[in-house]
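Got some structures for you, see below.
Each of the next two complexes has chain A plus one other chain: chain B in the first, chain C in the second.
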Partner chain A sequence: MSTVLQLASTGLLQGLIYSLIGIGLYLVFTVMRVVNFAHGYFVLIGMYGVLSLEPKGFFPFLGAVVAAALGGALVGYLVQRLLLESGLAKGGHSQLVITLSLGIAIQYLFQVLHPEPFETIPNPYPFEAFTSSGVTISAPRMAAGVLSLVLVLAVSFLVYRTRIGTIIRGCSESLNGAIHVGINVRRVYRLTFALGCGLAAVAGGLLLPIQPVSPALGLELTIKAFIVVVIGGAGSLWGTVAAGVLLGLAEALGSLYAPGTFATALVYALFFLVILIRPQGLVVRATSRIKPPKSLTKVGVG
Partner chain B sequence: MTTLEIEGLTVRRGRSEVLHQVDLVVREGECVCLVGSNGAGKTSLIEGVLGLLPTRAKTLSFLGTSLLGVRPWDRVRRGLVVVPQNRDLFAGMTVEENLRLGAVAAGDRTAADAGLAEIYELFPRLAERSEQLAGTLSGGERSMLAIGRGLMSRPRMLVFDEPSLGLAPLVVTSIMRTIARINERGTTVLLVEQNVHQAFALASRAYVLENGVIAGEGPTDELADSELMRRGYLGSAATGGVVAT
Partner chain C sequence: MTLGNPLRYLDTPLRRVNAVVVTLALAFALVYPFLVPPPMVGVGFVALLYALRNFTWNIAGGYVGQLSLSHIVAFGTGAFSVAVLTWRHEVNAWIALVVGVVISAVVGFLISLLMSRFGVNAFFLALGTLALSLAAAGVAASWSFLGDTNGISYSGSEEGFAHLMWYIDPSGFYYTTLGFLVVITIGTAALMRFTHFGRSLPFIREDPVIAASMGVRVVRNQALAMALSMGLTSIAGTLIAQYVQIVSYESVLTVEIGVAMMVGSIIGGAGTLAGPIVAGIGIAVLEEFLRSFAVSSANVSSYTQIAYAVVVILLLRFGTGGIMPLWEAGVRRVFGTGRKPVAPVAAEPVGELVDGRVG
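Moving on, here comes the complex of A and B:
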């Protein structure tokens, strides 16, 4: 029993990090209709960013995570402004080619800068582990999960309760509608892409003390972020968050029933099943059924 | 004073030129209509004026300043507001959120609250449905919401793109009456319609668009009797036919 509890807690905390990575991809996808194949590589930017700053102690670590997040957001902003904006205007499959090759470029850049695989940093937190009713959670894992949850809540507050969030949702509902009310959609796109990449990078920073980083990790994280957004229904921020937690739990509990690599295969098979049975995802944005809470309309956009 | 002045406007859609050397003027406070059959280029003209399609023009100015090189959303912020043909509402958001987004460019919350009260007075139906998602509204309500959202932007000129399209005759009459009211209250109106009869009843001047060029223009009462309109748009004047094909 305590093994199950132990695995479930670890899985839940890991899942919250997947949720954080997922909502970054989700925002870019729903607002801009861009599938960012480089998303997982922005997590790498966060990981290598914190690694190269070599933070010693808690506050330097937090500072490094913030710096890595801002760095990721800046790279995202520049990618949107310099690459995607002109590419998207030309249509076709340019977004696929641009984001995919960008990801590969980032991977090889890090391969050159950090040829050593599986680098990490020691526990930066002022406590070692947290133990309760037979379950032990290491400090970095606990902190990464909790901070991810806080950030997820902050992003949902931003999206659903603020003026800028209403503007972002407006752009995602109807691009033309947004233009017709005078929203500078180009600026919204730049900020959204920067936000999505920044979220990926901050998740990377939090992940680093738990998961040693290698350049190849980018692809795996991109795929996981995809799974989370697709399973979540691609129509709801909370669907994405729930799917992230599910992925974390499935990975952890899967190891109970199958050895190592095989468990990972099982998890993906499971998600394959979910998509076959419920292709629309867990949470669907149905204009006819789902009504947002009343208070949402009180959000000041004026 | 001239609100909108267009001289030698050419609009491209993809590889083809859909509007050739169009001249059009709307003066302050006027209600001008632009009529033409399907595919004449009416929507292209609007999208060109708003900057959504690539254009070339000798003059394209709004309230005395040139719009050339100005981004579409900045044209809206200058008061050139379009109520689009397919409404382009924010379907997953409530009626009130849609209206509030209409005022987002103004950025003044108190003004938005006042605007909201005005819209609800103009369309009591929208007040009843303020918490409903825009995507669940009927065709007539969607049309009202699109107009309300446009008014929230405090337009200097409202451009209506086929407001009668897809609506029941009674609803069309009510929408047209609303447009007349908006114009009476001082907002300049450019009404783009296929429904010549309704448009001519409302507007004082009209332009006729045919195959991407202006085929005729003039006061609506004179134009209604002209050979051009009898030939192509009004059918037999004796029967008062209205359908343009």
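Moving on, here comes the complex of A and C:
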């Protein structure tokens, strides 16, 4: 029983980090309808950013995480501005391949810079572990989960309760409408992309003391972010958060019953099924936002 | 069907220049193994293999626009079929090759059918096929039938064309791959030019809705193209497995292979005949060039991957269609179009569809 409880609490905390990674992707996807295949690699930027700053102690660590987040956001801003923006009007294919290639480039850049796999940093927090009723949780894991939750709440506040959030949601709701009321859509897109990438980088920084980093991790995290967003659906940010927690729990509890690689294969196969069964989770609502549903070219066409 | 005088196809300067280049390239490819030492023949084999891989991806990915990563599964199937059937059970390698082709084709057909039936868009096609490939890699890594984490090593003694195996001199592999590449290229060109099925493919890519309304069976043709594409990709997997003599999930079922196929085709020019071949050979040459700088071999692949990615990003960012469209534009600029200027009649270039691809 205590094993299950232990795994469940670990999974829950891990899931909160997945939620944080997922909402970055969710924002970029719902607002700009850009499918960022490089998302997991922005997590990697956060991890290697903190790693290379070599923080000693709690406050330097926090500083490093913030710096990594700003770095990730800056890279995201530049990517959006220099690479993606011009292709936005042309539809999804070019961005798909651009972000996929960008991810590969980032992965191998880190492969050259940090050939050593599974690098990590020592526990930066001033306490070691929490034990309660047979469940032990290490300080970095606890802190990462809690900080992720705080950030998720902060982002949801930003999106649902502030003026900037209203503007962001406006662009997501109706691009034409946003242009009509004088919103600078380009700027909103750049900021959203930067925000999404920054969140990914923060998550990376928080993840680093728990999970040793190697360049191949980027792809895995991208896939996980997609799983979270696809299962969560395009309806609300909370769907993404719930899906993140679900993924964390499923992963932790699944490790009880299936060996590593096979469990991963199972997760991917399930994900494939989810894509088949409910692609509308992401796609239909998003495309219907671009054009009014009764535009002439699309009448009677699925 | 009569071809008439083949020279009448050489009616524009671009076609004449291309004919000369293709003839020269083919002649060079034929004599290449006699000009260089065996290790360089191996490089030539790898270059042709990349070209073959890109080309077969391009059939579904370029002509039909299905940005698929399930070709990783096809590549792996080709490699594992020869590993399991030939190396373990001493079935003839050619039979194993055909088995790999058939399995991959069936898998490709089913994947495409499934995806189309559920109305999956380009993004989900890429994501779903990626998920499938990763699932396949996970299965291969934990199933002893496919050698789990250790992989399967070659064990045999026969050599020669009948066994698709050469130990010391790789020119056998080289010529076999060249043969496959030439046959598949000519076959695809004929398919795209002379058959209704082939001509429908770029049409489906450009606008599946109009294609369907014109009576093209979109879903079936997409699935058939995917089957053809993945089936032929499996050949490349079989050839590389025989060449390196070890197959494991890490060597043939990685995302990098799928991305390399996709990106190679796009660099060369997706939906062009020669583009994927040019890009494949070019990338192999680039890899060899980097090696000559005494970069450690682990870093060579890293730098190539980065170079790949950067080139693709730049190509897409600046809206060019890859090497082949650039080449065609360049030749036209130098030699002229060879056609009298015609007043533009319709906005849509309907006539270009007949060439088997659109602009």
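Just so it is clear, the second predicted complex is superposed on the first by the 261 of 302 C-alpha atoms of A that agree within 3 Å, B and C clash if a C-alpha of one lies under 4 Å from a C-alpha of the other, contacts with A are read in each partner's own complex, and residues count from 1 in each chain.
Please note the rule applied: contacts are C-beta pairs under 8 Å (C-beta built on N, C-alpha and C of every residue); 3 or more make two chains touch, one makes a residue touch a chain.
Fair warning: this is a prediction, and the values are worked out from it, not measured in the lab.
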| item | value |
| --- | --- |
| Chain B versus chain C as contact partner of A:264, first or second or both or neither | second |
| Touching partner for A:174 - first (chain B), second (chain C), both, neither | first |
| If touched residues of chain A are counted for chain B and for chain C, the larger one | C |
| Common interface positions of chain A, toward chain B and toward chain C | 301-302 |
| For the chain B and chain A complex, residues of the former touching the latter | 50, 52, 71-74, 76-77, 81-82, 84, 88-94, 96-97, 100-113, 115, 130-136, 149-150, 152-153 |
| Chain C contact footprint on chain A (complex, rising order) | 35, 82-83, 86-87, 92-94, 96-98, 100-102, 104-105, 107-109, 111-112, 115, 219, 223, 226, 230, 259-262, 264-266, 268-269, 271-272, 275-277, 279, 282-283, 301-302 |
| List of chain C residues in touch with chain A within their complex | 65, 67, 114-115, 118-124, 126-128, 130-132, 134-139, 141-142, 149, 209, 255-256, 259, 262-263, 266, 298-299, 301-303, 305-306, 308-310, 312-313, 316-317, 319 |
| Residue ranges of chain A touching chain B (in the complex, touch as defined) | 163, 166-167, 169-170, 173-174, 176-186, 285, 287-288, 291-292, 294, 296-297, 299-302 |
